[in-house]
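Both complexes below contain chain A, partnered by chain B and then by chain C.
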Partner chain A sequence: MRYVRIFFYYFQGAFAERGRSFVWFLISFLNPLILLLFWSGAAKSGATFGQWTLSDLASYYFLLIIADALLDAHIEETVARIDIQEGGLTKYLVQPFSYVIQKLFEESPWRMIQGFFGILVFLLFRFGFGFVISIQTDPSLVCLCVVMMISGYAMSFLFKMILGLSALWTTDYRGLSELVGVLMLIFAGFVMPLEFFHPILKQIAILLPFPYIIYFPIIAFQGKLIAIEMIKIILIQWVWICGFIIIYRKVWQRGVRLYTGIGQ
Partner chain B sequence: MIISVSHLSKQYEIYKKEAGFIGSLKSLVSRKYETVQAVDDVTFEISEGELVGFIGPNGAGKTTTLKCLSGLLYPTAGKIEVLGYTPFDRKYAYLKQIALVMGQKNQLWWDLPAQETFLLNKEIYEIPDDVYAYTLGQLVELLDVKHLLQVQVRKLSLGERMKMELIAALLHNPKVLFLDEPTIGLDVVMQKQMRDFVKNYNELQKSTILLTSHYMEDVRQLASRVIIIDHGKILYDGKLDNLVKKFASHKVLSVVLDSYVERNKFEEIGTVVSYEYPKVVIRVKRKDSNTAASSLLKKFPVDDLNIEEPDIEDVIRDVFTKK
Partner chain C sequence: MRIYQRLLLMNLSALTQYRENFINSMASSVIWSVFTFIQIILLTSKTSTLFGWSRNELLILSCVQAIIIGIFHTMFTRNFEQLPRLIRYGQLDTMLMKPLDSHIQVSIFHINYTSLVRVAIGAALLVFLLYEAHIIVTCLNVLLFLSFICFGVILLFSIWSIVVTMLFWNPSLSNLIDVMFTVSSLSKYPGDMYRQLSQYIFFFLLPFTFIAISPTKVLLQHVTLYDSIGLLGCCIGFLFLARSFWKFALRYYTSASS
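Moving on to the complex of A and B:
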């Protein structure tokens, strides 16, 4: 119960800044919407998209809005800039509570609030504007989708924590952060579904962690994966999670010795 | 001993870039690093309930020492024990018994009332409900902030925020309190309130307090023992009163004259610090103070004369400048 209570205190903190959450959500919302307009235009001019219909693409991008808001953690900026570079880490280091769990409790409410906005938009377009959006309805497969989503978020959170901690070694962590942003954009499926990639590029993508954070949870919710494929992806996600946990622990143990908080 | 520091040293490596574009290009090939000795072979002990002032100019190593003691920094060499723990292990049992308050750092939620941070800290430090209610009530009363508990932190003044910071840091009744510049940026009234609070808290809780401050008044009012540090080394560790005897090379003669005497006439006695007739202040060598006083009485129309110790702030300034 102690952990739940701490989580709710952090939730209050994020809820107090819901206006900022909404503005950030708009960024997650507008990019897929623009891409959807592009695909709609292409469909009107007679283009075909392999086995994907325009309705599939609409579902994909609407689910992408939710997935981006809900699953893509942005904790690296806080860790690198506020905690490490500006000395905010000091506060956490003298508290008898895990830093990574506090950061998880700090970040998750933001994802939940923005994900909630995403679901509202999804419902608005589905029932308000009558968009045909196909999603998985089989309860057992929906459960697997939820597991996949949670695992995707865990991957994203741990990966971004490691990225943030890189500021303990680098003067300007932003270069690395921007590079990861570009890779995410391409390989997590933000631009288009991996289905449309060249086979070699697709092969590279599935060797990277990014599609397991956003792309696979989306197509699982779309009903494009069967149970066995979903279980296989969840297992791969957990291999990544275990790898990230090991890396995080090593990075933290070594990095925290470098923390100086000079002048703080 | 509650705090035991033995031969503590802490070094940092800092990169020194040459100025200009050429310097930037050179840094791609080879970089010059300089080792900064922030703390150099520092040894001291502090007993339970002591309130010790840690004084030094900027960059002297005060905050670094405090950070090593609170477990934030890993020492380069030496041994530290606080409450029987090695701080850098950051055992939860240890962290539950200490608090670090940094005057320039904020741990409160900016957009929520301070009481929300207090509740979060209650959970983090696993403070039982009754202990929390009692301690909070006591601290709120001591600092007179009951009316501010439900006000957003962003709406509080700096002094009010500092009071809330102190409450957040003290809710778990720490046995050892590290205060780093707790009065920085506060007005004189608020500074006094803070000092009174720290003094009362130390007396009430019998907690051990290590305080750094740039304001001598903080140290003068609060600490009977001071540790003076400069360039990472301890220059003095002892009672504040003895500091003057040890380091002050002079005394001050304060004279009130009966009739006007020209300023330059006093130069044969010592250095005239100020002269605003009828008052004259003369600085003389410590060992010559009695002779100088007797000469003054003999040669000048003196109405009143006092032999005083120099101001502690001047003594400390002299210590640092001589170094």
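Moving on to the complex of A and C:
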């Protein structure tokens, strides 16, 4: 019950700042839209996309808007800058609650609100402007898609927590954060579907955690994966999650000893 | 000019003082420049032309955009990032008291030298691509290109300034600046791409299509009167608009904790 109250406390905070949430959402919205215009132009110039049609691409980018808003956690900034650099971690250390759970409750409302904007835009384009957006309709497969999404969010959250905690060693984590950001943009499918990558690049992407956060949940929702493939991907996601939990615990145990309590 | 020279020196000493910050900023500048080119390479792997622009020309366009964005980030971005804080905590008072135009002060005070890396990478790649494509560039082209780059930077500054000035009414929306990073990237694609949108949206995006395209067309030697007048007109118009809007917005500044 205490955790429910903590969650609602953070939800209130995020809801009060819904204007900021909307502005953040605009970033998730604009990038895919620009890329969709690019592909639409490319199609007019005679480009073909293998087994993908322009309608598939439109579905992909519209789902990307939702996935980016809903699944891509941005907790690393708060952890590194406010908690570690400015000393905000102290208050969490003296509270009888887990730091990672508090951070999860702090981040999730922002994802929910931005994801809600994403769903609104999706519905607007689907029903308002009549865009043909193909999505999975089989109820059992939709359930698997939801599991995949939740696992994707768990991966993203844990990964960004580890990234944020790296500031305990580096203080200024921006260089690493920018590098991870760019890798994520390329390999999570923000630029284009991994299907369009060169086979070697695609193989590299599959070995990294990024596509399991954004790309696979999207194509699962598009109906491009069969049940067995989805189960396989969920299993891989859980391997990553276990790996991240182990790394997080090690990083936290060793890193917190370096924390000076008055900002780094 | 004397004040700007002083500012250049002040920022240079700050740069040498915080070396770790310098290395980190440098790393992020390199990473983002590389990403700009990787993105275009990836996108053009499926199509050889886009609205009459070949792959090579699109890469040249992204180099020019990298140069303009690099100059812009060096000179202005940090200042715009500071503005919400100045408004929110009433720190703009100090600037209003000084015998120098407040708009100029808030725009030029911080200089981010590390973004010059983007200019350098963009310029080096641009020279390489022009050489590969056997495009002969005359001195006149270079002069025209450099002046168009200046107009592009001024236009970008004016657009950012107009958007950031809106924060006088709601300084808590400081993340509008992050949106502007995305919006600025509109200039790295051919203008015709946006014609697919409705006329109203295209009209709204039109200024962005001049920022990098006009200087690029100078290098590719197919610049038209429309590109030149469009860039110059938007540059003057938006600069005037930015100045007027700033003066208007200052009336709503209520000092500390506004």
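In this section, the second predicted complex is superposed on the first by the 260 of 264 C-alpha atoms of A that agree within 3 Å, B and C clash if a C-alpha of one lies under 4 Å from a C-alpha of the other, contacts with A are read in each partner's own complex, and residues count from 1 in each chain.
Assume a residue touches a chain if its C-beta (ideal position, glycine included) is under 8 Å from a C-beta of that chain, and two chains touch if they have at least 3 such contacts.
Note that the structure is predicted; figures quoted are calculated from it, not measured.
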Quick one: chain B and chain C on chain A, clash or fit?
fit
Return the chain, chain B or chain C, that is in touch with more residues of chain A.
C
Quick check for you: in the superposed arrangement, does A:Tyr259 touch first (chain B), second (chain C), both or neither?
first
Touch test for A:Phe38: chain B only (first), chain C only (second), both, or neither?
second
Please work out whether A:Leu93 is in contact with chain B alone, chain C alone, both, or neither, and reply first, second, both or neither.
first
With the two complexes superposed on chain A, say which partner A:Val146 touches: chain B (first), chain C (second), both, or neither.
neither
Using the touch definition from the top, say if A:Cys242 reaches chain B (first), chain C (second), both or neither.
neither
First (chain B), second (chain C), both or neither touched by A:Ile101:
neither
Report for A:Leu123: first if it touches chain B alone, second if chain C alone, otherwise both or neither.
neither
Treating the CA centre of chain A as the corner point, state the angle out to chain B and chain C, nearest 10°.
80
For A:Leu185, select first, second, both or neither according to whether it touches chain B, chain C, the two together, or no partner.
second
Answer with first, second, both or neither: which of chain B and chain C does A:Glu17 touch in the superposed model?
both
Overlaying both structures gives a minimum C-alpha distance between chain B and chain C, in Å, of 5
Is there a shared patch on chain A that both chain B and chain C touch, and which residues make it up?
17
Touching residues on chain A, where the partner in the complex is chain B
2, 5-6, 9-10, 12-13, 16-17, 87-88, 90-91, 93-97, 257, 259-262, 264
Using the touch definition up top, name the residues of chain B that touch chain A in the complex.
12, 67, 70-74, 90, 92-93, 95-96, 98-100, 102, 104-105, 107, 109, 111-112, 116, 119-120, 123-126
Which chain A residues qualify as touching chain C in the complex?
17, 19-20, 23-24, 26-27, 30-31, 34-35, 37-38, 40-42, 44-49, 171-172, 174-175, 178-179, 182, 185-186, 191-192, 196-198
Of all residues in chain C, those that touch chain A in their complex
20-21, 23-25, 27-28, 31-32, 34-35, 38-39, 42-43, 45-51, 170, 172-173, 175-176, 178-179, 182-183, 185-186, 189-190, 192-194, 196-197
